[in-house]
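One chain, chain A, appears in both complexes that follow, with chain B as partner in the first and chain C in the second.
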Partner chain A sequence: MSRAKRTMLLLISVSLLLTGCKDRLNLENVTLILMEGVDLDKDNHLLVYMSSPVFSKEAKKKNEETKVKAISPRDARGYFEAKVSALVSTGKLQNLLIGKKLLQHPYWYKLLDVLFRDAKVRSNARIIMVDGDVDDVMFFEPEDKRRLPLHIAKLVDTAHERNLVETTTLFTMQRQIYEKGVTPYITELRREPGEIRLMGTALLNKEGKYVTSLNIVENELLQILQDEKYQDLTLTVVLPEKDKPGTVFHMGTVSFYVKKVNRKIKTSYRGGQFQFTYEIGLPIQITERLFDYNVKDDAHKLEQMINEQLNKQLRNLLQKLQKNKVDPIGLGLFARAFEYRNWKKVQNDWPEAFAKAEIHVNVHTSIKDYGEIK
Partner chain B sequence: MDAALKPSKSNRITTLQFILIIHSMQLGVGIISMPKDVADVSGTDGWIAIILGWILSTAASLIIVQVMKKYPDGSIIDLIEHYFGKWIGKLAMALFAVYFLLYAYLIFDRMVLLTQSWIMQQTQSWVLMLLFVIPAYMLIKGGVRDIGRFAEITFFASIWMVFVISTLFKDGNWLHLLPVLKEGWLPVIRTVNTTILSFLGFECIFFIYPHLEKKQSASKGVIIANTLTMLIYLFITIICFLVFSPDEITFFNDAVISAVKIIEFRFIERFDLLILSIYLMVIAKTWISALFMSVYCTSRLIVGKYYVHAGIFLVAMVITNYALNTGWNESIEASGYFSKIGFAVAFIGPVCLWLVLLVMSQFKRWQT
Partner chain C sequence: MEFFLRLYKLLTHRQVVMLRQSREDHTPDRGTVAAGLKENLAVLQSIFSKAPDLIIRSFIYKQSGQRAALVYLCGLVDKNSINNNVLYQLMFEPIDESQHMTNLPITIGDLKSTQQWSQIELMLLEGHSILFLEGAELAYSLDTQGWPQRAISDSQIEASLKGAHQGFIESGWQNVALLRRMLSTRELKMIELYVGSRVRCKVTILYLEDLALPELVQELHNRLMELNIDCVLNTGELTEYLEDRPFSLLPQFITTERPDTAASQLLQGRICVVVDRSSSVMIAPVGIAAFFQGVDDYSTRWPVATFMRILRFVACFIAAFLPGIYIACISFNVEVIPLDLILSIGQFRAAVPFPPLLEALLMELMLEMLREAGVRLPAPVGQTVGIVGGIVIGQAAVQAGIVSNLMVVVVASTAVASFILPNFDMAAAIRLIRFPVMFIASMFGIIGIVACFMTLIIHLVQLRSLGESYSTPIAPVRIKDWKDVFIRMPLWSMKNRPDSIRSLQKTRIGPKRRL
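Right, the complex of A and B next:
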């Protein structure tokens, strides 16, 4: 036999074997779940929701949404398949909505086991808390937006780029659950009458129970503390020294764009408690200033005033975290890395040790640019 | 013995092929569970144990080269026959045949299990095995030179994976590696047990050495091959340690694939499927080479063409898999037992043989 013939024979015989693979699935037989939801109803029964796009010209709506009662998300799959057009697939999952009511119960994240275990699930799906009922979000069909699951995905991603909310995916959720030195946090959104609105970040404790929320401004500060600034980070502070009485406006307002976050953390252990000292260098560019000031001659004094305000805000945030015993910053990682012996004593109860820790923050802004006008 | 198996002009291999055959015997399924296996014993200090394992395996490889220098024109079988007589030679043949056959089957089986659990859950494992039977048969029939060329092509065709996996650095956190030596040297040294076995495969020098064109570059070749393997192991393990938290990594059976799963570009998602599918080629060259060594022995031991033996073994493997229908637990357990044999064959065996040969060469009778 010639070489070409032998190659052909090989190709044919190998391709004949391919029919033995039973995993073939025709695209028209797939219903792609873009958004899944888990919640509890008023009698504490587990509700599982799904939303998937419809590609039929005859269908009037772009999406089909379904709700079933089930004992677990995997158990819900069968009920879904009995209701929706074709066989469900989680390979393109974008968002996973969790109701606030479910988050009141410790270890709710065990319900996500199927999503962690199944190799076919997309592990970059975002986990989002719904402040309210998942029902309201799932069956919402805004007229001026594209398909809701994709709209929410875009909304969350772009807001995260602007440092307004944290995002947690199925993959990073596992890290936050198992890592002893950090507590989990997820994006928080709410259904408003005509729209979906991002509220900030929900903070959970080590058992996964909802503890408190950070609003959008606090989230920006959190990302400075985490050293996870993405794109644009613009902060606005009101300087009491420059505020004028007698007007309805805050005349002491100054806004600036943070070019970079230079975070340094000193970790030590003294007198039975951990001590963290933050030195945060922020090169800034002033983008808005409602009072008159000669930056050229006396930039240092303005920097001092801004530092003071930022220090205050950051300290307030840290106090809030310590009071609630949640450490989304991951200071536990620093404790492990630099004070390993002391860390080992508290590693199984890090949030408690974090609450007792002494944390100092010193912000050092430096004005690099103040725009086109004096 | 088949004339095709004798070292001759037509089946010589270049130094690069020599390096890549050794390297490709080493790099296979082990790496996929390696970060977890290492972290199980010594946490994020495990990467140090990889370097220690590399030192030991390089030493063992160099000893094998020293042994082979005593009889440069034949394989280990010829060497043993020359020094110890025909019957001990036959015994060695049988031992190596069984060893490499088990080696090939266990990796083949593991490869199919990986394909099954990550890509095709519904398909029977023996059906997946069937897909590889014909290519494997054709490669083995081509002899050492074809295996060398396959190793070359696969190596160069999989370099891109390094760049894709490097994108994971942005998801990593270097704090995970600190403090270095958190529990001292003891756990690290205990991990060497695991890492040393991941370098198994260099014992193929026993069989490919006579085919090497330039014998003087053998020592250099084995050092390069071991170093290449070590660098890849180190790279993958450190990436996984950065991406996964130290408390978390032991929960992931195939940490490397789980990590690769989060890589996404605008135009392509689910890199785990893509990388695993192509990585199957890398895994395939491990067990195909091993099967070649096995039939090299059996075809000398019993009559018959070596590629007929290969065909029979391949079909037997599929039938065995169908009949036993084993899963992950059996595979992991069997690999555990096998690695003990591997340690004896690749580390203890060569050292003993070398010492015996050193003593024997003191006597006039053996000084040829």
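Right, the complex of A and C next:
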């Protein structure tokens, strides 16, 4: 090797080292945004919030929260950097809180572009609607809970495991927005004095505008309709036939644990409207029954009574969805799969067609287990 | 690299020149033995000037009435056999007319006659005693070797639970004997040669003739013959001169203190080199897989041995890369750490004033010092050093805010992992690899670690041991040989010798296991 070549090699290796150090960022120099919030103030200015953990032992509080006024979330980042102690990173973003006020405005989701575009953003961050001001949630510091971002993340995840709320992440949000056969839905929470409470699921229309909310019970039923049951799904219904007067309790109450959801949907198109027929088989296990009943002889009749109540509740839910023209179930996908020609005509305005559709629900429960006592 | 090579060549060349000069100065050719005893003793005195341990015993040979002298270096001979089997016989054995004069009445097995002074000198230095007779133009060398040596005991460095508890010792012929005991077959062949220009050292090449490739034996023989060095005190020294790539971090030969290890390697078609005065034996050629095979692997049941084998590979990876990965994760790729871990690491790190690399270096250096200190000290003190270092310094360093808790965990697990490897040389090499990995990780993050890993693999693939591939059977893939690499299949399933070690005979045992 000649002298020149050797010098070259040396220079190249040294220059490698120089460029290498550029993107180094030690953990203690990172302000990890765990929760970001977007909201509008009363003059319709965009407010961006962030919450990140503080590592130093000298700090009294575990978290630092900041609020800035900005044109967009990316624009807010510069203001964040000017206020927080270290360099901002969204690589571990857990929750994205969005104010109800912001959700009233169509195409708000375009604000999330930076989060979709940046490869370093955690795409599993949960999108959550705040019923009220984001301010109240972001600056809330419950004393008996861990850091709020982690508390909310855990709360949402466990509630979702129990089918109480739906969760939507940045990743799944993309699909819900751009998929024609379904409308988006996100978790909903509210700041109550002293605690954070999950309200259920917020339903959005195709433009992302907030339409209506489902409470926790409705969400359980929605999950049956979606065939997306996670762990425990326990329903409680009051059978009017068994209700007794003369007491403050609902004596006709029966609770049961749904072991499995066997959903079948028949899709057809008749008379200018889509027709969906749900046949839902529910193997159940009775977990609570406040009335006396002779299950040995009349098990079938009990199943019938439960079916009736469930049918009623599910139909109410479907009516609510149709009235509000939102389709979180994704029936549009069935329409496209089975009635493609008719789907093509309405594909750009599926919620409208969904509202006009005729939907029948038939629940068939079968009691598999009564527990320790008959 | 080129520069180093040139420097190396320059240095060795000068050494050779110097050696030649010294040789000419010190060992002039003195010709052959004279007839007169007096002249001979005078020559001997001049050869061994200033050697108070040279004993010359003059006496009258009873059978012929000749004057005679027995010469030996005290300390290198067995005094019992000199007194009883040589001197007594020569001085007091009654005259027997029927005996021919040359048939000495000495009851010692190995008796040779020689005329060359150079030969006599070497014999004396090796512990033979030399008998001169007045009027005879030759001298007799008697095998009365018996120098101080320790008993055969378990090897300290390669302890084994279920293997043989005999280790090699510092005398070459005993080591050869131990191997002969292990492999009592006439196919065990030996080539003896001497290495060292100033001080000769006997080196024995052992191999099984029906297994080892003749060209490999020849190659090793040539390399040994080409050696031109002052003196070899240890097998480790010899391996440095024989290596294919002297600048590689990785050991290219195995040195072992265990006869059973050496025997099993011989049985696979490899070659052993026994160096006199050294308690370890060199094995060549070797591949990377051999460094992960312990003796106990073959004496324990195969599922257990397999588990141990996998553990060693994992440990090797941990020992080389864990600190690097840790540094890369907390200085570049924070996103890959689970959130809860980030929060606790963040708390630890916030208290530490140094960058992760410096923190890691500090701990690693401390660890290496502790290890070295523990090795040099006698066992009870060594333990104390371990405890003081491990617990007191580690704990205090964390409390003082010099290093973080997790770094102590990382460094300690690295240390434990590096001690799992059965071969000391390989463990030491991997400990060294860790440092460049740490540096590069702190500059390039995970990409740097990947680059390090690739470089290491490239190096492994191109490395040779005695001209044979180092990375077989992994890199030139020999799937059949994988029975004994990452896992250890039952012995009865290994019917053939490994393909990766070229040998003359492929079949090991009969085709079927008798159940």
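A few notes on this one:
Just so we're on the same page, the second predicted complex is superposed on the first by the 353 of 374 C-alpha atoms of A that agree within 3 Å, B and C clash if a C-alpha of one lies under 4 Å from a C-alpha of the other, contacts with A are read in each partner's own complex, and residues count from 1 in each chain.
Methods note: a contact is a pair of C-beta atoms (placed from the backbone, for glycine too) under 8 Å apart; a residue touches a chain by one contact, two chains touch by 3 or more.
No experiment lies behind these values; they were computed from the predicted model shown.
Once the two complexes are overlaid on the shared chain, A:23 sits against chain B and chain C alike. In the superposition on chain A, A:283 makes contact with neither chain B nor chain C. When the two structures are aligned on the shared chain, A:132 is found in touch with neither chain B nor chain C. In the superposition on chain A, contact is made by A:94 with chain C only, not with chain B. Of the two partner chains placed around the shared chain by superposition, chain B and chain C are both touched by A:122.
Contacts of A:179 after superposition: chain B is touched, whereas chain C is not reached. Chain A residues 17, 20-21, 23, 91, 120, 122 lie at the interface with chain B in one structure and with chain C in the other. Across the complex, chain B meets chain A through its residues 117-124, 127-128, 130-131, 134-135, 138, 173, 175-176, 178-179, 182, 244-248, 251, 258, 261-262, 264, 269-270, 272. Listed in rising order, the residues of chain A touching chain B in the complex are 10, 13-14, 17-18, 20-23, 91, 119-120, 122-124, 169, 171, 174-175, 177-180, 333-334, 336-338, 340. Within the complex, the chain A residues that touch chain C are 1, 6, 17, 20-21, 23-28, 30, 32, 34, 53, 55-57, 89, 91-92, 94, 120, 122, 147, 150.
Against chain A, in their complex, chain C makes its touches with residues 2-3, 330-332, 334-335, 339-340, 342-343, 345-347, 349-352, 355-356, 442-445, 448.
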